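You will see two complexes here that share chain A, one where it goes with chain B and one where it goes with chain C.
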Partner chain A sequence: MRFLLRRAMETLLVLLVLSVLVFLLTSLAPGDPAEEILRRGGIQPTAASIAALRAELGLELPLPVRYVRWLSDVVRGDLGLSYVDRSPVTGEILSRLPATLRLAGAAALVAAGLALLASLRPRGLGGRVITAVTVVVASVPPYIVGILLISVVAVGLRALPTGGGSGPGAVVLPALTLGLAGAATLTRLLRADLGQALALPFVRLAAAKGLSARRAVTVHALRVAAPNAITAGGAVLADLVAGAVVVETLFSWPGVGQLAISAIRQRDVPVVQAYVLVIGAATVLLLALADLCLAAADPRVRRP
Partner chain B sequence: MNGPDPTRRLRSASPGTGRAGIAILAAIVAFCGLAPLLSPHDPYLPDPALALLPPSTRHWLGTDQLGRDLLTRTAAAGAVSFVTAFAITAITTALGTLAGAAAGLAGGLPERLLRHAATVALALPGLTLALALAGVLPPGPGTMVAALVPFGWVNCGLVAHTATRRVATSDFVLATRALGASPSYLLRRTIGPHIAGPVLTVATADLARTLIAATSLSFLGLGLPPPVTDWGGMVTDAVPLLIAAPRLAIAPALALALTGVAITLVVDARRLR
Partner chain C sequence: MRRRAAIVVPAMLLGMVLSGCGGSPETPQDAGLLTLAAPRDLVAGPQDPYFTHQTLRVWEPLVSVDDRLRPVPALATAWESADGGRRWTFTLREGVRFSDGSALNAEAVVANVQRFLRIAPRQSAFFSLDAGMEAAYGQLEEVRADGGRVTFELRRPVADLPGRLAGFYSMIQSPKAFAASGDFAGNPVGTGPYTLTRWTKGQQAELAANPHYYGAAPAYKKIVVKVIPDANARVAALRAGEVDGLIDKGALLSGQVAAVAADSRFRVVRSPSVLTHYLTFNGSREPFSDPRLREAAELAIDRRTIADKLLAGTAKTGAAFLSPVFGELSDPTVAAAYDPAKARALVDAAGRPAAPVTILISSAETGQFPYTDIAEVLRAAFEQAGLPAKVTVAEATKAVMEAGDYDVFLSAYSVPNGDADYLFRRFLRSDAAWNVDRKLRYRSKEFDTLVDQAATETDQAGRRDLYRRLQRLLAADRPMIPLAYQDNPVVTTTEVGGVVQNAAYVIDLGKLTPSG
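Entry: the complex of A and B
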C-alpha cells in the first residue's frame, strides 16, 4: 500500500512537471498568440483588436493564473482551439488517436513476438537471425529501417504498399519498422534473463524429472525472467507510442504524430501542445503501469 | 551476477569487434571530413542540367534531383551530423559529469536534488518534448541544443554520481581533503581520473543516441535550416523519389546505419571489459 501511494505521488509529480513544460511552450513560441489568431483569421490586426482578443483569451493575466486556468480546462478535456481554423483541438486529437494506437499495438505485437521467438529458441535459425537483425536495428534510427524496408519490400518486390492508412496490408511495413526497434531492447533482455533462469537448479530439476522443455520454459523460467522484461516492456511500449511520429511521417500514417508534424509546420501551437501532453501523459502512465505490474509479479520491489 | 551471462559470448562474438568498430568509425569520419574538401563537386550548388544522373565514373553515386553529386553530398551531410552529435554530446557529458560528480562529493541536499531531477527527466518523454521545442522555436543550431540538452545529461549525470560516491569515501580522497584540497582540485585531479572510464562509455553510447535524435529531428524537418543538411534531412528530401531513384535515400541511410552499428560495437566492447 505504501509502495502504491509513493508511486502514485511520483507519477502525479511527473505529470505536473510535464503540464508546466507543455504550458510554457506557448510562451516560448515567438510572436503574440492574439496577433497570430487574427492574422490567420484573415483580419488585419490593429492595436485595439489585438488588445481585445488578448483580454478575451486572458493573456493579460499573470502566468501562474493562466497556467491554473489552462490546467483546469485540460483536466476537463478541453485542449483549446486550433490557431488555424479555431476548431476544438480535443476532437481532432481523438479522431487521430485510434490510428496511432493501432500502429503502436501492431508494433508491440511484432516486438513481443520476435523477442519471444528469439529467446525461446535461441539456437534455432530463426532465433539467430532475429538476434542479429535486432542488434543492428537497435543502433539505427527507425526511419532508416523503414526506408530500407520500403526500398526492398515495397519498391523492389512490389509486395506491399509504401504507406497510407487504407487496406489491410498498409499496417505491415510501419508496424514492422516500429516493432523491430522495440524487439531489439526486449530480445537483449529476455535472452539474457531466460538463459540465466534456465540454468537455475529448480528449472533443471523440473526438466530432469521429465517436464517437457516447452513447459520448463513457459511455466518456470519465464516467470523468473519476467521482472526485467516487464519493466522493459513498459519502456518499450512508451517508446513505441512516442516514436510513432517518425514512422507515421515516413509512411503517411494518419495518426496523431502526423497531425503534430503538420501543426508544427503551420506553427499551430495549441495542437502541438495537445500532442505533447497526450503522448507525454501516455508515456508517463505506461511507465507507472509497468512498475505496478512489476510490483504485482515480484514482491521484492514493494520493499523500500 | 550468477553464472556466465549468455549474451556475453554473443556480443563479443569475435575479440576484435571493439577495434573493428573504431576502425569503421574512423573511416566514416575521415570520409565525411575529407571527401567534401577533395571532391571537385560542390555539395550545395544546384545544377539542374545534371539532375538525377545515374552512377558514372564522373559521379560515383550519380546526382540528386538538383544535380548535386550524391557522394560529396553524403559526406558533407555526414560532417554536419557528426559535428552536431559531437557538440551536443560534449555539452551533455560536461554538464552531466560536473553535476553528478559535484553532487556525489557534496552529498546531502544537492545529492537528493540531482537524483530527483534525474528521476523526473527519465520519466518524461524526452524525444516528444525535444520535438515540441524544435517545432516551436525557430530552426537553427541553438534550437537543436535547446531541444536535446535538457534530457541528454541524465545518463552521464547518474553514472558520474554513482562512480563519485564509490571513491568519495576512500582513503586517498579523504587524505587529499584533509590536506586542504579545494572541491575543484578534488574533482579535477582526484575524482576525475577515477570516474573517466565509466563516463566515457556512457558518453559513447550517448553519442549514438544524440546522432539518432538529431537526425530524427532533421528527418521530421525540424533540424538545421537548408541548404545545410545532415543525413536525416537527405533522407527526407529523397522520400518523394523513393521509387524513381532509391539510391538517393539509401546512400545516407546506409552511412547512418553503418555509423550507428560501429558506435554500438565500440560501446559493447568497452562495457565488457
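Entry: the complex of A and C
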C-alpha cells in the first residue's frame, strides 16, 4: 500500500512538472500566434486586427496568470479552443485518439509478436532473421521505411492502401513501419535476458529432470527474464504512441500525431499544448503502469 | 498442447494485424464518382467565415478572376461605376437558386455583405476578414438592393472595386445559412454546382451535385476530396490509383512535377498563380541601407537559374513587382538583369562590408519550396560579388525581422483577390506595417502619391500607366525584388478532363468531365 501511495505521489508530481514545461515551451516559443493566424493565404494583416486578436486570445496577460487559468481549465477537461477554427480542442483530441491507439496497438502487437518469436528459439534461423531485420529497420528512420513500404506494397503491388483511415487493410503498413522499429529493442533485450535465464542452474536442473525445452523457456526462463522486458515494453509502448507522429503524417492516418503536425505548421498553440500534454501524460502513466507490473512480477522492487 | 500455445499465440496476433492483406484498395472506377486529394482541408467548418474553400464550388462569389486576375462575372453578370468610382452597381444573374431551392435576390447579397462587415475582423483558414476585406469594403458607405441589382455607395472613389471583391470577399450564401452570431447554422447553402454532404474534419469532404444549380449539371455526381498533407504520400496515392487527381495550392512540390508529368497515366496542368517569391531588404542598417549594394545584390543573382533549376521550371523569372498574372498592369519593360561583374564593381566602389549579410528564411516555408537550396545559391552569388553572407533559418521570422536582425528575407506573398493596390499599400507605402515594422525603411513621397492616385484612377489606361510607373520606381529603388513568379502545378489522371485553374488556385470542379 505504501509503495502504491508513494508511486502515485511521484507520478502526480511528474505530471505537474510536465504541465509547467508544456505550458512554458509552447507559450515562450518565438512568434506571434495572432499574426500567424491572420496571415493565412499569404496576405498581410493590419496591426489593429493583430492587436484585437491578441487581446481576445488573452496573450497580453502575464505568464503566471495564463498558466493558472490554463491549468485549472485542463484539470476540468477543457483544453481550450483551437486558434484556427475555434473548435474545442478536447473534442478534437478525443475524436482522433482512437485512431492513434489503434495504430499503436497494432504496432505493439507487431513488436511483441516479433520479439517473442525471435526469443523463444534464440538459436533458430527464424530468431536470427527477425533480430537482423528488426535491427536493420530500427537503424533506418521510420520515414524511409514507410516510403519504401508504400512504394513497394501499395504503389508497386497495389496490395494495400497507401494510408488513410478507411478500409481494414489500411492499418497494416503504418503498423509495420512503427512496430518494426519498436521490435528491435524488445527483441534484443528479450533474447539476451532469455539466454542468461536459460543458463541459470534451476532452469538447467529443470531441463535435466526431463522437462521439454519449450516448457523450460515458457514456464521458468521467461519469468526470470520478464522484469527487463516489462520495463522496456512500457518504454516501447510510450515510444509507439509518441512516434506515431511521423508515421501518421506519412500514411495520412487520422490520429493525434497528424493533428499535432498540422497544428505545429499553423502555430495552433492550444492544440500543440494539448497534444504534448496528452502524450506526455500517457508516457508518464504507461511507465508508472510498467512499474506496477514490475512490482507485481518481482517482489524485490516493492522493498523500500 | 501447452507448448504449442507459446508459438501459436504470437503467430495469431501477428496474423490478426496482417489480416487486412487480402482486401484490395478501393478503386475509384465508380461511374460518376471522382476522388481528389489536397494538401489541406478545403472545408473549414461552421465557425469559419466561408465554411468551404471557393474551389469546392459549393458557394459562388459575385465576381471571380481569370488567369490574368481580371474580374470576370460569376453571380453578377455585369457591373458599372458612376460618379467617378463612388457608386458601383452589379447586375445579378437571373434564375439562380440556392441549394435549398430559394431564389437568389439582391436582398440576399446585401445580407451577406452586412454579415461580413459585422463579423470582421475574423480569422479564417483561407483568407482572414482583415486587411483584404478592408481593401474591399473599407470605403463602403451603403449597400442596397435595387430589384435585380446591388448598389455599393462609397465614401471615396475606388477604381477597381470588382477586382477587390473578387473571390472570397463577395461570397454569397443563403441568408438562412447563418445564425445570428454570423457563424453557420448548419451546412453551407450556396449556388454552386455542388453541395457539401459529408465532412470528416482533416480527412475528407464529400460533395454531391446540387439539383438546383442554374448551369449545366456537373459530369461527376459525387466528388470526394481527401486531405493528404504529406507531399510524398499524395503522389503515392495518385500512383496507387487511390485518387484521380491532386489539386489546390502546393498540390505538387516543384521537385515532383517532372517525374509525375513523365508518367503517361497523368496530365499535369501548370498555370500561373498569384504567388511571387520576393527578396525583402533590411534598409535600416548596413550594408543594404546603401542603394548601390542593393543593386549589387540584385545583379549578383541569376534569377533564371533559380526559376529553371531550383524551382524546376515551376516558376518564371521575376522582374516587375507585379507578376504577369496582373495582366497589363504588370510592367513588361522591367527586366531581370544579371551582371556579376557589375555587381562586383559596385561592391568594390561602395566598400566591402566586414560582417556577413544574413539571408533569412522561414522554416515554415522550407517544406513547401526549396528555400534552403535557394538561400544557399543566394549566399554563393553574394559571396562571388564580394558580399560575405550566411543563411539563417528561423521559425519566427517576424520577431527576427522586427528586431532588425536580418539583411535579406526570402518569402512568398500573394494577394487575396485581383487587387494590385494591396501589394503596394500593405507592403511598401511609407506607413505600411511591413515596411515600418520589418525595418525596410523605404520612404518615398513619390511612391506614396502614385499609390494613392492609382487606387482612385477609374480610367483603365491611366491606372495602368500609374502602376507601371510604380513598378519602374521600385525597380530603381529596390526595397524588395521579385525573385520568381510561382506556378501552381496540379495533376489528374488522363481520364479526367476540363481542368482549368485560375490564378488563385481555384479549379472549377463543376467543369471536370470524364475524358477518353
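Rule of thumb we're sticking to: the second predicted complex is superposed on the first by the 264 of 304 C-alpha atoms of A that agree within 3 Å, B and C clash if a C-alpha of one lies under 4 Å from a C-alpha of the other, contacts with A are read in each partner's own complex, and residues count from 1 in each chain.
The working rule: contacts are C-beta pairs under 8 Å (C-beta built on N, C-alpha and C of every residue); 3 or more make two chains touch, one makes a residue touch a chain.
Because the structure is a prediction, the values reported are computed rather than measured.
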Chain B versus chain C as contact partner of A:Thr46, first or second or both or neither: second
Contacts of A:Glu10 with chain B and chain C, given as first, second, both or neither: first
A:Ala170 touches, of chain B and chain C: first, second, both or neither? second
Touched partner set for A:Arg214, first chain B, second chain C, both or neither: second
Partner chain(s) touched by A:Gly255 [first = chain B, second = chain C, both, neither]: neither
Which partner reaches more residues of chain A (counting touched residues only), chain B or chain C: C
Chain B versus chain C as contact partner of A:Pro33, first or second or both or neither: neither
Touched partner set for A:Leu120, first chain B, second chain C, both or neither: second
Contacts of A:Gly233 with chain B and chain C, given as first, second, both or neither: neither
Chain B versus chain C as contact partner of A:Val84, first or second or both or neither: second
Common ground on chain A, meaning residues reached by chain C in one complex and by chain B in the other: 29-30, 147, 150-151, 155, 162, 249-250, 261, 265
Interfacial residue positions of chain C with respect to chain A in the complex: 2-3, 6-7, 10-11, 13-14, 16-26, 44-45, 47-48, 121, 123-128, 130-132, 134, 200-203, 226-230, 232-233, 236-237, 239-242, 275, 364, 367, 394-396, 398-399, 412-416, 422, 426-427, 433-434, 437
Chain A partner contacts - residues on chain B that touch it in the complex: 1-3, 5-7, 10-11, 119-120, 123-125, 127-129, 131-133, 135-138, 208, 212, 215-216, 219-222, 232, 235, 239, 242-243, 246, 249-250, 253, 256-257, 260-261, 263-264
Residue ranges of chain A touching chain B (in the complex, touch as defined): 10-11, 13-14, 17-18, 21-22, 25, 28-30, 122, 131, 135-136, 138-141, 143-144, 147-148, 150-151, 155, 162, 188, 191-192, 195-196, 199, 238, 242-243, 245-246, 249-250, 260-261, 263-265, 267, 269, 272-273, 275-276, 279-280, 283-284, 287
Chain C-touching residues of chain A, taken from the complex the two chains share: 29-32, 35, 37-49, 52-53, 83-87, 92, 95, 106, 109-110, 112-114, 116-117, 120, 147, 150-151, 154-155, 158-172, 175-176, 179, 212, 214-215, 217-218, 249-252, 254, 258-259, 261-262, 265
